[in-house]
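The letters A, B, C and D name the chains in turn, as written, and every chain counts its residues from 1.
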Amino acid sequence: MHPLPHDPSRDDDDGFHEECGVFGVWNATDAAALTALGLHALQHRGQEAAGVVTLSEPGKFHAHRGLGLVGDIFGDAKVMAGLKGRCAVGHNRYATTGETALRNVQPLFADFEFGGLAVAHNGNLTNAVTLKRALVRRGCIFQATSDSEVFIHLIAISLYASVVDRLIDALKQVQGAYSLVGLHDGAMIGARDPMGVRPLVLGRIGGEGGAYVLASETCALDIVSADFVRDIEPGEIVVIDNNGLRSIKPFGRTQNRFCIFEYIYFARPDSVVEGTPVYTTRKRIGEELARESHVEADVVVPVPDSGVPAAMGYATEARIPFELGIIRNHYVGRTFIEPTDQIRHLGVKLKHSANRPMIEGKRVILVDDSIVRGTTSKKIVEMVRQAGAKEVHMRISSPPTTHSCFYGIDTPERSKLLAANHDVEEMARIIGADSLAFISLPGLYRALGRDGRDAANPGYCDACFTGDYAIPLTDLVDHPERMPALLAANGQ
Amino acid sequence: MHPLPHDPSRDDDDGFHEECGVFGVWNATDAAALTALGLHALQHRGQEAAGVVTLSEPGKFHAHRGLGLVGDIFGDAKVMAGLKGRCAVGHNRYATTGETALRNVQPLFADFEFGGLAVAHNGNLTNAVTLKRALVRRGCIFQATSDSEVFIHLIAISLYASVVDRLIDALKQVQGAYSLVGLHDGAMIGARDPMGVRPLVLGRIGGEGGAYVLASETCALDIVSADFVRDIEPGEIVVIDNNGLRSIKPFGRTQNRFCIFEYIYFARPDSVVEGTPVYTTRKRIGEELARESHVEADVVVPVPDSGVPAAMGYATEARIPFELGIIRNHYVGRTFIEPTDQIRHLGVKLKHSANRPMIEGKRVILVDDSIVRGTTSKKIVEMVRQAGAKEVHMRISSPPTTHSCFYGIDTPERSKLLAANHDVEEMARIIGADSLAFISLPGLYRALGRDGRDAANPGYCDACFTGDYAIPLTDLVDHPERMPALLAANGQ
Amino acid sequence: MHPLPHDPSRDDDDGFHEECGVFGVWNATDAAALTALGLHALQHRGQEAAGVVTLSEPGKFHAHRGLGLVGDIFGDAKVMAGLKGRCAVGHNRYATTGETALRNVQPLFADFEFGGLAVAHNGNLTNAVTLKRALVRRGCIFQATSDSEVFIHLIAISLYASVVDRLIDALKQVQGAYSLVGLHDGAMIGARDPMGVRPLVLGRIGGEGGAYVLASETCALDIVSADFVRDIEPGEIVVIDNNGLRSIKPFGRTQNRFCIFEYIYFARPDSVVEGTPVYTTRKRIGEELARESHVEADVVVPVPDSGVPAAMGYATEARIPFELGIIRNHYVGRTFIEPTDQIRHLGVKLKHSANRPMIEGKRVILVDDSIVRGTTSKKIVEMVRQAGAKEVHMRISSPPTTHSCFYGIDTPERSKLLAANHDVEEMARIIGADSLAFISLPGLYRALGRDGRDAANPGYCDACFTGDYAIPLTDLVDHPERMPALLAANGQ
Amino acid sequence: MHPLPHDPSRDDDDGFHEECGVFGVWNATDAAALTALGLHALQHRGQEAAGVVTLSEPGKFHAHRGLGLVGDIFGDAKVMAGLKGRCAVGHNRYATTGETALRNVQPLFADFEFGGLAVAHNGNLTNAVTLKRALVRRGCIFQATSDSEVFIHLIAISLYASVVDRLIDALKQVQGAYSLVGLHDGAMIGARDPMGVRPLVLGRIGGEGGAYVLASETCALDIVSADFVRDIEPGEIVVIDNNGLRSIKPFGRTQNRFCIFEYIYFARPDSVVEGTPVYTTRKRIGEELARESHVEADVVVPVPDSGVPAAMGYATEARIPFELGIIRNHYVGRTFIEPTDQIRHLGVKLKHSANRPMIEGKRVILVDDSIVRGTTSKKIVEMVRQAGAKEVHMRISSPPTTHSCFYGIDTPERSKLLAANHDVEEMARIIGADSLAFISLPGLYRALGRDGRDAANPGYCDACFTGDYAIPLTDLVDHPERMPALLAANGQ
């Protein structure tokens, strides 16, 4: 229920594609401060809003949330002082602005018959529309547009007695890709979807008897000096209480399908995923790329910041100098000058600028992580040319992005994906590069230490490159009227 | 469900004692503007927050709400332009501040299986705690602390098919004093509790074929130039749609118990209630008061603004000059200087100041509408003495307030009501007056045109003066732990 | 100098016509709190902005200012705690909104060679443009648009040694109507223009050895429980320091010309001016009005709030019932709904509403304080007629306003003054009244206890009714291009 | 004059050490948008506030300024639409927060006898206190605390007739390091201090007949696609009007003393200063450093972002792998969690985090640009050790910072400079490094293409490394009471 939505009649399925970070801590002094630090380390997963809920004694929850960066939201001593307790869960997210956002900011909290429950979740449900319709028919009232509310209602109406059984009941009904952290009176709960598409790791502070930590990435363990214990497994539910940790695996055996794009772009370079450092993987992708599609050139230049490790790997493998030929301006605020038509032709470079002396008169290999719509690549190539490059060769550390993601990464509909509508040669012409190459799918798997891609069980979700959607897209099939553009574009 | 309450564990029964104004209009050009004007005329019923929901076409609702005065919230052309449609409901309320408030601001809105419904309500439910517990047990999730949400959930889970039948189903389960205005796709609905404690009137703009208006008081009809049609009757539900108005009376016959305090203080003087002008009634109360308890004096001085008509009646009847011996400062903002101890003894007069030349050397009769805690009366008597009054006689246009209100008027718990703990002589001593008199209960009823009070069927709710609570106080009995102070004090 | 004005090229003479209140206290505990209280009592003189400067030890000034009501600006304990010291001056003003306003909010403060000086001033200079031009030519840099800055610069460049001599030097160069309160290291200074157009009174707290207070009106003395000592005399400068009060009269003898409009409308009814209570004067004006222009009627109704005492006087003298036939809505916020064309014809009554039962079928005498443009009177007459009045007779407690004020009261240019362009009969027709009458000029002077108006030395400034401008209008004559509309209209 | 400073008695010499960027454009479409873009490219020189003043026709100036990032302040289409005209000057600055800041935000604007003048300036005056005292004694009133206001007053009181002559008159009286851009009715003016300590470059858009641009660095020319023309010379004043550019050199010949620290840290890496690319210089410094003080190690790790080019140079010269062993979190907001004592020992890493897999078990060479207080270096060394480094060797791309800067770079007083109080060995122990080395002064000059440092005429200002203050420190000598800490520490 929402007391005064800006437009209460708007569709309830805009919640698609949330990129988020989650964090939880059980049994630690300064739980709220640790959670805020953890969210700060996960800031790259969502910069629009953040929230923390703590538990100080049975039934006593405390909460704060806001729009903006973690440091700004939780930088107030009075706010932190109000977040009492040794247990906390937090969330930060990439979201739309405005009043609506605040209602949607997680962790969500609800009072149930059995007490309060706070839930923070990262990911996307693929049968949310279907479930919402059934729940409304049953008398449930939705307040926000976020998929997460579906969890809350399923838990509320479950006939099971314990919180954990109710949560399992809820998880069995949802489809999709998600990691979640929950907090109630007696326990902190972590859960990953059956295929483990979204990440969740376990850490400890202070060893035996110390605190437990759950986080989206290991970099959030590092900032609070927690020791990495292990990844939560696909389909695993961990229940952490004063007796320690209990693991439940309520789902049948399924394939592992960790999101391969976390390695390429999304995870922070200093995180370690499934035992593999992200930074090292990115360098190896660069090396593979150099082996697959090298071209004569004078200098390898990364598109900062995400292209840097791959460019370093490329340069090393290709034995060409690596130079910071593009400088990134980190001070781009929320909004920026919309250039008038008169100055738009200047090819304005708000976020990147060419380091002219490193580029002028040179044959340049640019290394970037992906091409989505192609508009940014086009501008960057143009900027490098204006700075005097003799040749511009673009190398991409991922295969062509030909399909939309329905599992939690914000991608446009298929009709807007450059690679869904053009072959590589056309793409090169469109972005204005002298040559363009993507890493091959086998090359990407090789960089991850595999022999190649096993089509029967690839071990990763690579749907955005292959269209191999392992989790059913129920809403897309059953409620096509809700997503006509996606449908048409994806041809499903 | 609330995404991040400041303290989610706080009791869910703080919603007590909301004073509010409601307004609705069906089938008028500029429905939102008319509603904002109506709420402005009802501003005395609640100054903290206001909201409007409009309906532009089936399923298309638009809403805006804010904290503050109606004129500030709806003074923005862009806001008004967004509130499209020929049908609207609005609400303003007296409420606590802070983030919580915004979640609680009405009209509440929810999407049901049958479509959207907006509800604005004035009053208080006396079995809200009991109902909430049952609803939570059933799987309902509450977001706000307002009683109004109970209505919404009861409607959502009702098994009846039509909105009106679901609403009747809900109303049959709640106890308390309320007036409500609802808006859904096909109709505007008005309802008053079975005893008609809280007011609701019907008006029309433009005669046959024109618009229908529902409002808490007639002054809100006047501001939009609507003609007064009639009071909605106790226990009546009116359904207004494109076929006209339909009246439903789903409750058995009960006593009329309109709140007598609306006449004394709460309603605006230019409103007409049940055919009787409030202003005239107040003057008559002043006349009765003069007949009952007159004392020799030089001047009759009202405590502005509410004491003015009674003081005029008193002065006329007693043939003593009426003078504005106390000036009210209307510019008291939200907050004000908390005086330090050093200056507190100055007897600071932020809201009222003595008009010394009218008071100095005179025997003064002060006329006020009520004494609740007694602190204000004490300060006013002291201020009038400091201004040089020879004698100060206090006359009150209501009987002693000995009991708390549970039906929608904000009163403190019984232990803090001066008249619940002291006789009149003690009260005079406490407030420092040379004499003190209240109008008698029979005198009050005489001023309303009755012969006196018929204990079997008084025709008004006067529980605050008599303890005669006609509507059951279920929560008070069943959940005493939620309101210990009230319980103890009221001895129930 | 202004670091980034919205439009630095705009004219520097918009500062016209400031209505303001000033307050100062010397040698009192809680000087800042007393000043805030004093400003609160003077809130009717300016509601847009307020400021306080305190002095805690030689050279240590503290300041706070803001836009809005005094209670809101100074309601913060932290703000008050920062305003240390036993001496303070304050100011509130009626001003335009926006960024500019904050720069203009008084008291102004400047560091001089001899130390800091804070100045708060009420009134208007009539040679400000001329002086500003000369000062800029000399190298002075102006930051704000307020006339008050002229004082500051004249003091800064004065060749006299002492602050008081510099101030006298400055006052001798300015022309206009003003009261000011200044605070520097060694003393508090009060000053009134040579003709005493604007008010300033002296009070004491705690008798000998206690505090001195300066204020625009006595109501500000009352709120801090200060004893009234006397009016500051026209042309008098008082210097208050630790040795007591010293009076200086640097100007030659001039006529007294206290603003007669303060009695009619501007001062608070509980203030006493020149020994005469404002409230009593207003009642006497009403009595005179009844004697001069009575008409048969059933009821006398004031236009609230300012018309109330005159209406009481009228009703008593005419022996007709006095009734509150118009109710004022005190909750009109900053902004309000701009009605669309469709509803404008409803004759919207945001500030006033008719108390229909007191008006319907009656012959009504309305009493108001003045008619400026006539638009409000027209609306009120119309509203009273719509409420069913049989006849509407308007009586005004001031003579016709035929001329603009250049001495500190905000009035429109002459072409917009109804009485400057129409005779009384035409005015009656325009506002729609059955009859209209103003108090005569002799009648007004009789109500003030004089025999009539002595044209050679009337004793009051009544320029708005007579065009008798006793203080030269230098800017109007020398810089006509700056005020063409005023010039044309005033025919000077 | 300031209309209500928070504490008007505070010293007027806090304006020390402003780091700023300036930009100006003459005769271009969209002058305001170009200026905002230029300021965005100069954002690294000051992130706290920014302002733009434009000129649309003689006498018509328009201005906007705010606190925050350029993109946020000028991202509003309405703001930009108000900044009309083909000429503009802008400024961004590093400044303190609060109300004061807004008053100080440049460009300053003043109305003079000859018309309006806007001035933006980067740098610091060393005789500001002395000049301010003299100006106040003469009757000038200061509003802000910024040194820039001294320019404005000197211009206002100058007896010369033309703006340019008045500006030269003013510049001859001030001492210090500054670059400024001014705009008045007839011309845009650029000026650099006689020794050219602070930078200023000239560019053109559209060749002959096109626009002129002045900017602190060439990166601001690049973003608006302006061609670099030349550096403004030390002591040069350029006057740009519709007749073209005129160069004036009013000062006698002096040494060039461009700030060497701009090369090391302050300028953006893609800027070119005096014909030398900053990025290349930094790499060369890294190479020199490797030659001077190499140590056996496994990996070279920069402290991002400023240490990156030097680390690349070092790694290349030393033939050791270069790895991003430290990741910078760019999302640190304005404020951040102040850690409680309990978690402070965690060695919280808000801005940097160790990329553990690149560090664990390795001998690490860290490369950073400077050590000021030593606190950051200590934390970084500790963090790298916690991540498992076997050895940590710190290499610094500047000589030890032993002296405070009085010429516009914010440095602490000398007593807080680690290198002013400890030798290198002690410093290594304090920061916890296994070894520590700084580039030598001759090495630094070699990296800049010189043979070494010519003590008689070094060609750069290197006072922070040598104490060789070429511009007199007048205030420091004449007003020691204003800066006791600096004095004591610097031993002067």
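Definition applied: a residue touches a chain if its C-beta (ideal position, glycine included) is under 8 Å from a C-beta of that chain, and two chains touch if they have at least 3 such contacts.
Note that the coordinates shown come from a computational prediction; the quantities given were computed from them, not determined experimentally.
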item: Path length in the contact graph (subunit A to subunit C, fewest steps); value: 2
item: Identity of the chain that, by mean CA position, is farthest from subunit C; value: A
item: Computed distance of Cα centres, subunit D from subunit C, in Å; value: 50
item: Approximate Å spacing (C-alpha centroids) for the pair subunit A, subunit D; value: 37
item: Centre-to-centre distance between subunit D and subunit B (centres being mean Cα positions), rounded to whole Å; value: 62
item: Two or more partner chains touched - positions in subunit B; value: none
item: Full enumeration of touching chain pairs; value: A-B, A-D, B-C, C-D
item: Of all residues in subunit A, those that touch subunit B in their complex; value: 1-9, 12, 51, 53, 59-65, 82, 102-113, 116, 118, 136-137, 139-144, 149, 152-153, 156-158
item: Subunit C-touching residues of subunit B, taken from the complex the two chains share; value: 29-30, 33-34, 36-37, 40-41, 43-44, 47, 68-72, 74-77, 80, 219, 222-225, 268-270, 272, 277, 279-280, 305, 308-309, 312, 322, 324, 327, 329-340, 342-343, 346-350, 353-358, 386
